[in-house]
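So, here's a batch of structures to check.
What follows is a pair of complexes built around chain A, which joins chain B in one and chain C in the other.
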Partner chain A sequence: MAESMSDNGKNKVEREIVLRMTDVCTYYGAIRALNKINIEIRKGEMVCLLGGNASGKSTTLKTILGYAPPREGTIEFLGTRTEKMQTKEIVGLGVSLVPENRRLFGRMSVLENLKMGAFLRNDDEIEADMEHLFTLFPRVKERLHQTAGTLSGGEQQMVAMSRALMARPKLLLMDEPSMGLAPIFVQTVFDIIQTISNEGTTIFMVEQNANMALSIADKGYVLQTGEIVLSGSAEALRTNPQMKKAYLGDV
Partner chain B sequence: MSIKPGIRYGIISFGILFYLSILGLPLPRTLGGFGTLALGLFWAVLVLISLVTMRETDQRRYTTIEAVTGGLLISAIAGFGMALVVGLFGRLIADGVQVNTVFAQVLPEWVGTFTGQTKQEVQAGVSATTALLRFALLMTSAGFLGAIVSRGLTHSSRERWHDWINSPFMYWLVIAMPFVFYVWYFALARGILGATNTSISGLVLACLFVTAVLVALRRVRDKRRRLVFGIAFVVMLILLPQIGDQFQNTVLNKIAIFSVVGIGLNIVLGYAGMLHLGYIAFFAVGAYAYGLLASPDSYFVINFMGGDGITFWQGLLVAAIVGALMGIIFGVPILRTRGDYLAIVTLGFGQITFLLLLNLREFTGGPGGVLDIPPPTLFGVDLGSAESILYLAMIMLAVVAFMTLRLNDSRIGRSWRAMKEDEDVAATMGINLSTTKLVAFAIGAAFAAVAGVLYATRQVNIFPDNFALKQSIDILSLVIIGGLGSIEGVVLGAVAFAGLPEILREAENYRIVAFGALLVAMMILRPQGLLPPLEHEEDIDVSDRRQDAWLQIFDAEEDDQDSAETGATGTD
Partner chain C sequence: MTTIEKRATSDYRPKMRPSQIALYGFGILILVLLGWRIYNVVSVEQYPIQFWAIQSINGLVLGSVYALIALGYTLVYGILFMINFAHGEVVMLGGFAGYFALQLCIRWGWVAADAPFFQSWLAVLFPIAVGMIASLLVAMALERIAYRPLRGAQRLIPLISAIGASFFLQYSALLIFGVTPHNYQKPAVLTGAVSLGDSGVFISKTGLFIILASIVLMLILYILVQKTKIGRAMRAVAEDQEMASLMGVDVNRIIVFTFVIGGLLAGAGGVMLGYQNTVMRFNTGFIPGLKAFTAAVLGGIGNVPGAMIGAIILGELEALGPSLLGLPNEYKDVIAFSVLIFVLIFRPTGILGERLSRERA
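The block that comes next holds the complex of A and B.
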């Protein structure tokens, strides 16, 4: 695991930029939730966004996806300006989300949830991709015909991740994948995320669990009341004395 | 102990029975010789339900002794109460008092159903005491029967109850029911049971048959058997209009037409999750489109079409197109509205349509309606009879149901359901919310409009009143009562809303009250509707559920988070 990470780290510097947010400000009415955010994610990287409650992490993802469009600043996804686009168009470009709290389609079967994930695809590799996901998440296969809402929390997390991956995203956004999971299972989830990353998916992950996130990420940003207060490589952040303070500041 | 609840439920059962019989429980009185037996069975069911409810409230298992004590107690109390009431009424009738001026349903035949006497015997007051003794005996056996059956049900855990429901006996019973009702209906209609005046009771049996078919089809999940029984039911349905008289066929075709409308609304509400209160407008548009383009008296036919109206078949096409367009036109302004506002705005649309029909006298005939709408014809054969309309309606229902099933399992169907569950997440799957909603409106409206054409030709004359708010609410209720999102549910809802009022016609004055009581009871006992969509998990064996320690740990935490999750992501 450690080798593959440093490997990736070396190669990724040269790679093309998948997402670039420049001076992005997002407002909810009069409340400014994001203030001059600058984020850069390169192909194949795993980047994590850390921060306390209400620091604006979820808002950043919503801004990228166009649910909470920015009032100022620009967002570029693979060379396309997306800050004025609608959610469905941005999703069409290849961004997919594992939402906070999973938010599966609870009355649909697991299979239907996966099919929803592949909603915009009409190639004939959907089946094959599904089979591949089953190797990552054997439990999803076991539960394929169960009503998604009746799954346990951990199972729902796996389905939510599978659903997002079914879109073959060029950028996978994950909002607190470890939330509400038992400690042992957090490790499992992070291992799987690591695997997905190693397979080449670019990942932007929001996490509260800073240590865990930084242990598998290449790069990190720390958000505090809507502003980025720290950023850098995962190693640098892990060893940064300010980091702990900034992170704990809002908890 | 089962004594206290037994007394309580005995009194409740008496209340229910008294209420229903005063309303004119039509079943016993008209079932030709089976009245008393039917009453006994009904009684047994009442006892059964009481006992099961008792078990649920007591949260524990009853011993056989307790169950029988409870059952007999319920039966005795309710039976004693009824015997008093019936005896009193019997006495009064024998004395020549016109009881039915106050209680319209209490006729000599009514008393006879309970006491097993003929009309003449009741009037003569013959041996009422013996008769009531017989009645008491029947009730006691019914109570005993109920208790014994309930003993089978009153296991300590839900799983056992589940096992019982899933037992082969219940399975075959459910499958047998359609055949039983069908044969019964046939025998009754052909006079084999010797009963006269079988219109209403026949209708009851026809409705029960339809209901039983719906329930049986849900129960049979094995593909091969489904096919076999499916074919059997289809054949029976094809022959159904041949059995019934004109009255029964008229009601049945209304049920089928309203099922089609309900299925359309079900797409909008059940699948796409949009509460549309003006949905009747689309039904009206279909009916009027055909009426105005086909009736020889219509303004359009006289002035623009040289007196030659369109045919029924052209009418279907026109209505489908006009309906879909209307759906889209009405849909655009409400794309951005959700929930309560959507309901109010659509309510307004329904009212506007109604007022237009009423006030554009010159075109629509105003309150005078559209008259003489021609019947469908095929190769010169007139298809205007109740029977032919029933066939047309069944074909339409089959086509619409088939299309809906296919749609539901398609991309668009999944996007409707996804949108209904969570618009924001649906958008992140790449669904175009506006288009998806408009497609739902267009399809739902087209279904209603097509049904409207058939309705217009069935009615011959249509008036704005046929499409007033009340009908809109009826259709909404039938979809909700039946079970949002399920086609079987909608058809059952149509049976309840189009069939039951005809059955209860005898109890005209109490109809609304009875109906209201039914609705309230439904909402409390079965808020998901009578036949809600089947859950996927039924496919999964319980033994299949492995659970690790960690899964158990956070299952509990999960609930808290789910409830806290809402509100975090509003878009507008």
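The block that comes next holds the complex of A and C.
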């Protein structure tokens, strides 16, 4: 596969593996939601998981985070087996989530939301990290003392991303970052995701907006009824005829 | 066009049903009758202004104790959405622990009228500290034994467990301590009264101490909840448990911590009840517990400032209500629980509660 050059020009072949899911099967009761999923994410990469409704995208994230532990298969995060760990332990290893529908602490101020993001940190660089985030999200700084529940959808998405980044995640999971946003905000949000990625954060993004996601990702996986039916570099996926027909529309 | 608009507005503001109109009419009628009665009584009885002042101060003292207890209800509800009906018994056991600590102080000669100032204060504070610790332990045990195994069960089930725990604790206390009341003796610094200038209005030193100590404890609670990291984690868990755990918050620890704070405040409240009423019995905590629950509902359950406001209002209603309505003082419980019924009928969310009861039910 033509992986030597990506959009960002990052050379990722030699980098260490952050997350490796091997033959993972997750069940809800008797229903198999994920079937033999294999996913590999290397340091600094941006990987997207595409697929329609009920294809198992969100379940994949829940499985990684320990909410829906897999019945079979192994998950390795930076060399540690996590498939039997509890959520709080996995989070402690450095996995952060930007959840679907933002889910901010709506009655707290934006600043308190950010501090919650840094809950597990005890170092003295929290302030500095916050200042850095303000350069990425000037809007967040403007709204710092406002109650988070009163912000607009786009602003909430920015706070949710800032909150997740405050944990200095080794792997940032994003669940449908474009969902429910005004079209004008979607482009902004993806630009920011691109910037975060360029700064070296490893990102695993679940998205329905395949066009947008593939335009900034390095690598993609396509899920269909719990199975990975296609995978490869973003470039390869964009030009794949099957992909074009099913998800991208005839461009 | 117009019909569509009409339908749209009626969607947002549904019309009152006839039964609702009747209910509100009934409520307003009762308020008017109450107002009339109060007007008549006040104009006939002609109590001096000092009487009302002293009664309001009594209400404030009562309200302060209720507030300490009500905070325990409201904090636990805010996080677990359950009513800890055994909270009154946590108060009572704290009161008993304080009683035994006070007996020690008597043996050491700290309570006697001629005890030195410093020892006398120790005799006030030591029982409170012991009561707080005892209540903390009881509250933690309750959470561990009666509630944690039922977490995730339907909402009614921990409620039943709470009522069972309440009876268990009450009748255990009856068997251990007997039916005879245990009498609190006031240390020297709490006896007597302070008069406010030459207005004829006075406040007992015990009452003054209860008000000030409650304010201090509630300020500490406020700082803890609003300004500290663990307080922030508490509020996060109250809002969205799953998200809070995704931030790395140990939800179990926060729940235990909430019971600990509720227990500490309840213990302090129990000992203060002892100093105020000078008796402690196995069922001393029951009625104040229900009253504090009423106060928490009145203020909006789950809401911390609401519990404080509701408690003060309830204390004042209890202290002033019987005189205002020209009823014997024994009617104060009737007044307090009528308030509970009225709040539940007409404003189930309480004074400060906005969306709690429906969204979370």
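By definition in this document, the second predicted complex is superposed on the first by the 233 of 251 C-alpha atoms of A that agree within 3 Å, B and C clash if a C-alpha of one lies under 4 Å from a C-alpha of the other, contacts with A are read in each partner's own complex, and residues count from 1 in each chain.
Everything below uses one rule, namely that contacts are C-beta pairs under 8 Å (C-beta built on N, C-alpha and C of every residue); 3 or more make two chains touch, one makes a residue touch a chain.
For clarity, every value in this text was computed on a predicted model and none was experimentally measured.
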Are chain B and chain C a fit on chain A, or do they clash, once the structures share the same frame?
clash
Touched partner set for A:112, first chain B, second chain C, both or neither
both
First (chain B), second (chain C), both or neither touched by A:58
first
Where does A:103 make contact in the superposed view: on chain B (first), on chain C (second), on both, or on neither?
both
More chain A residues touched by chain B or by chain C?
B
If we overlay the two complexes on their shared chain A, which of chain B and chain C does A:195 touch? Say first, second, both or neither.
neither
Considering only touches as defined above, state whether A:92 meets chain B (first), chain C (second), both or neither.
both
Identify the partner contact of A:147: answer first if only chain B is touched, second if only chain C is, both if each is, neither if none is.
first
Just name the clashing stretch of chain B against chain C, choosing from 145-153, 163-171 or 487-495.
487-495
On chain A, the footprints of chain B and chain C overlap at residues 65, 67, 87-88, 91-92, 96-97, 99, 103, 105-108, 112, 115-117, 119-120, 167
Report the residues of chain B in contact with chain A in the complex, numbered from low to high.
411, 414-415, 417-418, 421-422, 424-433, 535-537, 539-540, 544, 546-547, 550-551, 553-555, 557-558, 561-562, 565, 568-569, 571
List of chain C residues in touch with chain A within their complex:
229, 232-233, 235-236, 239-240, 242-250
Of all residues in chain A, which touch chain B in the complex?
58, 62, 65, 67-68, 87-88, 91-92, 96-97, 99-101, 103, 105-109, 112, 115-117, 119-120, 142-143, 145-147, 150, 152-156, 167, 179-182, 184-185
Given the complex, residues on chain A that touch chain C span 65, 67, 87-88, 91-92, 96-97, 99, 103, 105-108, 112, 115-117, 119-120, 163, 167
